[in-house]
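You will see two complexes here that share chain A, one where it goes with chain B and one where it goes with chain C.
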Partner chain A sequence: MSALRTSRPARIGQYLALLAYLVFLAFPFLWLISTAFKPAPELASLHPTWIPEEPTLANFRQAFDEQPLLRAAGNSLVAALAAALIAVVVATPLAYVTARHRGRLATAATGWVVISQAFPFVLVIIPLFLILKNLHLINSVPGLVMVYVVWSLPFALWMLMGYVKAVPAELEEAAAVDGAGRLRTLVSVTAPLLVPGIVATALFAFVTAWNEFFFALVLLKTPEKQTLPVVLTHFLGAEGVADLGPLAAAAFLATLPSLVVFAVLQRRIAGGMLAGAVK
Partner chain B sequence: MSSATATKRPGGTRTPRTVRPARPRGPDFGAWFLVLPALLPILVLSVGPLLYGIALAFTDAQSGRTQSTRWVGTLNFQDLLHDTLFWDSFRIGLVWAVGVTVPQFLLALGLALLLNQKLRFRWLARALAIVPWAMPEVVVGIMWRLVYNPDAGILNETLRDLGLGQGHDWLSGLATALPAVIVVGVWAGMPQTTVALLAGLQNTPRELHEAAALDGAGAWRRFRTVTWPALRPVALAITALNLIWNFNSFALVYVLTNGGPGGRTRLPMLFAYEEAFRYGQFGYAAAMGCVMVAAVSVLIALSLVRRLKGDQDR
Partner chain C sequence: MGRRLVTLTAALALLLTGCAGGDERPDDGVVRLRFQSLAWQKESVDANKQLVAEWNAAHPDVQVDYVQGSWDSVHDQLLTSFEGGEAPDIIHDAADDLGDFAYGGDLADLRPLLSERLRADIPARSWQTTTFGDGIYGVPFLQEPRVIIANRKILESSGVRVPTPEKPWTWTEFRQIARDLTTFMGPDRYAVAWPLKEPVSVSLNLGVSAGGALFHLGADSRITVDFTEADAVVTGTVHDQVVVDRTAPRTTLGSGGSDTLPGFFAGKYAMVPLGFAYRQQIAQQAPEGFEWTVLPAPAGSEGLAQGVSPQTLSIAEDSPYKKEAMEFLDFFLRPESMVRLARGDWMLPTGTAALADPSLHTARDGWATGAEVAERLRPAPAQAVRGYPEWKDKVATPAFQEYYSGAIDAAELRRRLEEDGNRVLARYYRK
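Let's look at the complex of A and B:
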């Protein structure tokens, strides 16, 4: 241990570096919050301040008046919840099989996961647009959910494979020796151990769908159907001239659900991502 | 991976007789039953559209008249070859991808090394590092527009306070737009890279560090001989992925500049999106997608070759 003790100047340097990182990471976010709570006169001032002199909630009220934020949040919630649930239900069995059996299927599944990370979505969105149009699912949340499910499958699969591998195969073998059938082993031994991983994966899929913009932009045409990220861009206006206060207020609100999920799941998400990603 | 092989091995070497009774007799329908629910949507909604998209690149499909679409061979690709606007955007995409990925990696490496030390307030940095990751890209774009705002933004106000000029419209300036969006890209993608590198660091054995330190190796030498070799696979993987993701990115720049000013930040995805959904040129946009896939495939191939070579060296 003692060999690694850091000298005093080095320590000070480390703290200065850490401080610089903290400032870089925090300042845009703090500025967003500051802008969201500033009254109009302060926003128009040529010398903006960090802390609002007369903090107000007027921007939030105005944001809800200007754009259908509640309905957009509702659409986002439905799309993200449905996509997360379906993705996990569909991906868990596949993840189980690919994690436990090494063979052509596992190779194909991992290969597909890697390749799907490289798609420029424009190549997929045009055909999807045409297919969904023929099915009359353009400008509909169910159509978007279908796209989200497939889009979040690779990552869900990746994370879940990591969680399955973390369940010792010996446990299943022991159950098998005790005479439990295959299904019984899966349901009463493996599944309970996988639950935390499944929940983490579902929440991650929820956040990615909640944050998603490109597919929603292309597939949802009318404001009643649009999700929160798409509606947020309406605040920017045609010429990019924006009402800063309501814009900041709405943007801040749109971030809260993902922030909460990440705060709760910080470790699990990082761990799950790495379980797969770092091979 | 390592834990998986470790747990698998005992089962494989044990005498088969103790394990076998549980195996189902006959063909393994169970596995297929488990695989099908995922395989079906993947084939129908992912692999299918991908092939369909490649096929579209060889047609004159337009959004208005998909009925009378004709096969036009490589015409779209020939047009693309002469489309200077597309190659401009391709070049901008490369500059953006490298310009974001490299500083992002260096900054993330520094942060990961710091967070791996026993420092006070480390928890705060860890918590903060998650924020950009959790934010919707659209919000990140909006947030940085507030920072960059020529009059009401904090960046110009800080510069004015420091006596550095009267302020500048960063996102509208021909020279500053691309650097300005690159800064945002670096900020937005740092968390993933940091988390990946941090995990890589935590896999490096501490004893090796201590042994090297006892042998009198300085910090830089320890990094080069102990830390980096252990970190290299993770670093290469995350860098390759970041290059690909950044080259294909869309939402951030769409919100920040929508490709402007004068196309200076028009990434390939923005270009293809406009071509497809503003001008309705589905076939042509699909051809752009194909060229982008080809470019990315080269990158994947290169990194795979490196990995294979690395395996041989070992």
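Let's look at the complex of A and C:
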């Protein structure tokens, strides 16, 4: 324990580094908020300010007026929630089996799913498009959900394997000695300890799907189905010209669901982790 | 647990089948055309939607569904859609993006479909921008010259000669005027700011005014790069303004057009060469009392000529309703409609009837200057060059960026564009 003890200057240095990191992380988001509330002349000022001198909601009004943001957010929400749910439902048993029953096949399978993450989108999009077309799943949210599940599954599997490995096998053996069956052991002993991992994985899958742009762009054809990241690009013109105020307003609104989900689930993750630690 | 899992799986399966997208093909005899538009500014989107609504009201048997795309991702999206056989029937794009799709057989040859009215209304030089091989693969309908947006007060109080389309600055005169203006403006201020985040199209298209072409068609039907003295006129002027004269700041070289506006509004730069449509941003964002004017780009041996890659409307080869799609385009591009679209996008129509509309010749917001320049626009030099995107990204963009910033000299720029560039292009013309 004494090895963890640090001197006062070192601790101050750590806090300063942490603060700098937080500022670094927060800067784009704070700037986005600031931009969203600025009127057009302030956006084009040579001396930008953090706090808008004449804050306005005009950018929000314009954003909602010009683009169907609510409908797009609804589509994104359905796709992201479904993708997160299915990803953890599929990945959890897979991760358990792969983590507990090691063998050449499991190792090879794990290696393959991790390597599959290295493929760029453009490499897979055309075959994927053709497959989904044959399945009549082009321009449908379920088709998009399937893609998102497939895309997030490898990393979800990888994450959950780590959580499964962190649960001592001795606990399951002790439950078996106490007379619990296989299913009872999984439900009563292992599953509660995996909850934080499952929540974290679901969160990862949700955010990945919520932010995804390219698949949604290519697979969804009609305006009614388009997701939020696709609709956000409608504020961009040729050669990088942007309708900056409404774009910032819409982008700010687009970050809110992720923040809410994080805020709600963060306590669950932390609480679950602590519970595991105590055990 | 097992039962729960089965129930969950069944529920998900139901969800999947219940939400699956239906067949888009109509069974009621009404033809439905999907029109993907890249209009993005409110006035432009409104104009597009209004025209579609007017068509739909007048043609109950041919209905057009408006779909909004985005300039940022249109190429990748179309590429995938064509490969998957799911492309929109009517496609909005830019002429310089059509080549691959035209040669790839993805776009319909419009020659048998075009109406005489449309064919006659749009000048031959504009049709050249969408002609690939023997076919015409898009209707060019909006175009955007590069102009110089200037701070009127600085310009007039400095006493320099203000150019007009009839008597524009030459490139040599422009350089001298930039020196005079910078001296007049004082320290830390510059006569001109060049936003050259995308330096290739600016260099090539403005270079046309001095006779620059860069790409040359050989007797063997292959295109090669040859950086001539004519090509060096515009590029040399920009380089010298940044590196030698210091009349243009180095800092804006990596900027997009919008990034230079705060400095322009603050009087840090007197002039910014920009696309014609940037006027909308300036009109919206300029502080109260800021006076601006639109000047023609300087002229060279070819006068005010410059290269341009118009916005286009094409029809997908896979569309089963090409005739109906063309009828819609003919309606959509009537002169009065072209004027509405042009005003919505703050651009200029290609159609001669639309271009003659008095509303596009007012002095307000510089429309008249643009309309004068429009008659001198020519196809962008890179228009039909196979391999241009790769040449641009791998060779030309870094070479121009380094040249303009002073990192390399003109000889090295020329070597890279020709030697390295021709190696890239050779692969495309070997096939």
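The criterion applied here is as follows: the second predicted complex is superposed on the first by the 215 of 279 C-alpha atoms of A that agree within 3 Å, B and C clash if a C-alpha of one lies under 4 Å from a C-alpha of the other, contacts with A are read in each partner's own complex, and residues count from 1 in each chain.
Assume a contact is a pair of C-beta atoms (placed from the backbone, for glycine too) under 8 Å apart; a residue touches a chain by one contact, two chains touch by 3 or more.
None of these values were measured; they are calculated from a predicted model.
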Ask   = Does the superposition put A:P223 against chain B (first), chain C (second), both, or neither?
value = second
Request  = Could you look at A:L160 and tell me whether it touches chain B, chain C, both or neither (first, second, both, neither)?
outcome  = neither
Task = Considering only the touch criterion stated at the top, classify A:A200 as touching first (chain B), second (chain C), both, or neither.
result = neither
Query = Once the shared chain is lined up, is A:A84 touching chain B (first), chain C (second), both, or neither of them?
reply = neither
Remark   = Between chain B and chain C, the one with more contact residues on chain A is chain B
Message = Output check: A:S45 vs chain B and chain C. Expected answer is one of first, second, both, neither. What do you get?
response = both
Inquiry  = So in the superposed three-chain picture, is A:A209 touching just chain B, just chain C, both, or none of them (first/second/both/neither)?
reply    = neither
Ask   = So, A:A63: does it touch chain B (first), chain C (second), both, or neither?
value = neither
Message = Contacts for A:Y15 in the overlay, against chain B (first) and chain C (second): which applies, first, second, both or neither?
response = first
Ask   = Is A:I126 contacted by the first partner chain B, the second partner chain C, both or neither?
value = both
Note = Shared chain A footprint, chain B vs chain C, residue numbers 43-48, 89, 122, 125-126, 130, 146, 183, 213-214, 217-218, 233, 235-236, 240, 242, 244
Interface residues, chain B side, partner chain A - complex = 1, 3-4, 7-8, 10-11, 18-19, 21-22, 24, 30-31, 33-35, 37-39, 41-42, 45-50, 52-54, 56, 61, 66, 107, 110-111, 114, 117, 119, 121-122, 124-139, 142-147, 149, 151-154, 157, 160, 187, 190, 192, 195-196, 199-200, 209-210, 213-214, 219, 233-234, 237-238, 241, 244-245, 247-248, 250-251, 254-255, 258, 268-269, 272-273, 276-277, 282, 285-286, 288-290, 292-293, 296-297, 300
Task = Sort out for me which residues of chain A touch chain B in the complex.
result = 1, 3-4, 6, 10, 14-15, 17-18, 21-22, 24-29, 31-32, 35, 43-48, 50, 89-91, 93-94, 96-97, 99, 101, 105, 112, 114, 116-128, 130-131, 146-147, 149-150, 153, 157, 165-166, 168-170, 173, 176-177, 180-183, 185, 207, 210-214, 217-218, 228-229, 232-233, 235-236, 240, 242, 244, 247-248, 251-252, 254-255, 258-259, 261-263, 266, 270, 273-274, 277-279
Ask   = Considering the complex alone, what residue numbers of chain C touch chain A?
value = 1, 8, 12, 15-16, 19-21, 23-24, 34, 38, 40-42, 45, 65-68, 70-73, 76-77, 80-81, 83-86, 88, 94, 197-198, 256-258, 261-263, 265-266, 268, 275, 277-278, 281, 284-288
Note = Counting only contacts in the complex, chain A reaches chain C at residues 40-41, 43-48, 62, 65-66, 82, 86, 89, 122, 125-126, 129-130, 133, 136-143, 145-146, 183, 186-187, 213-214, 217-218, 221-223, 225, 230, 233-244
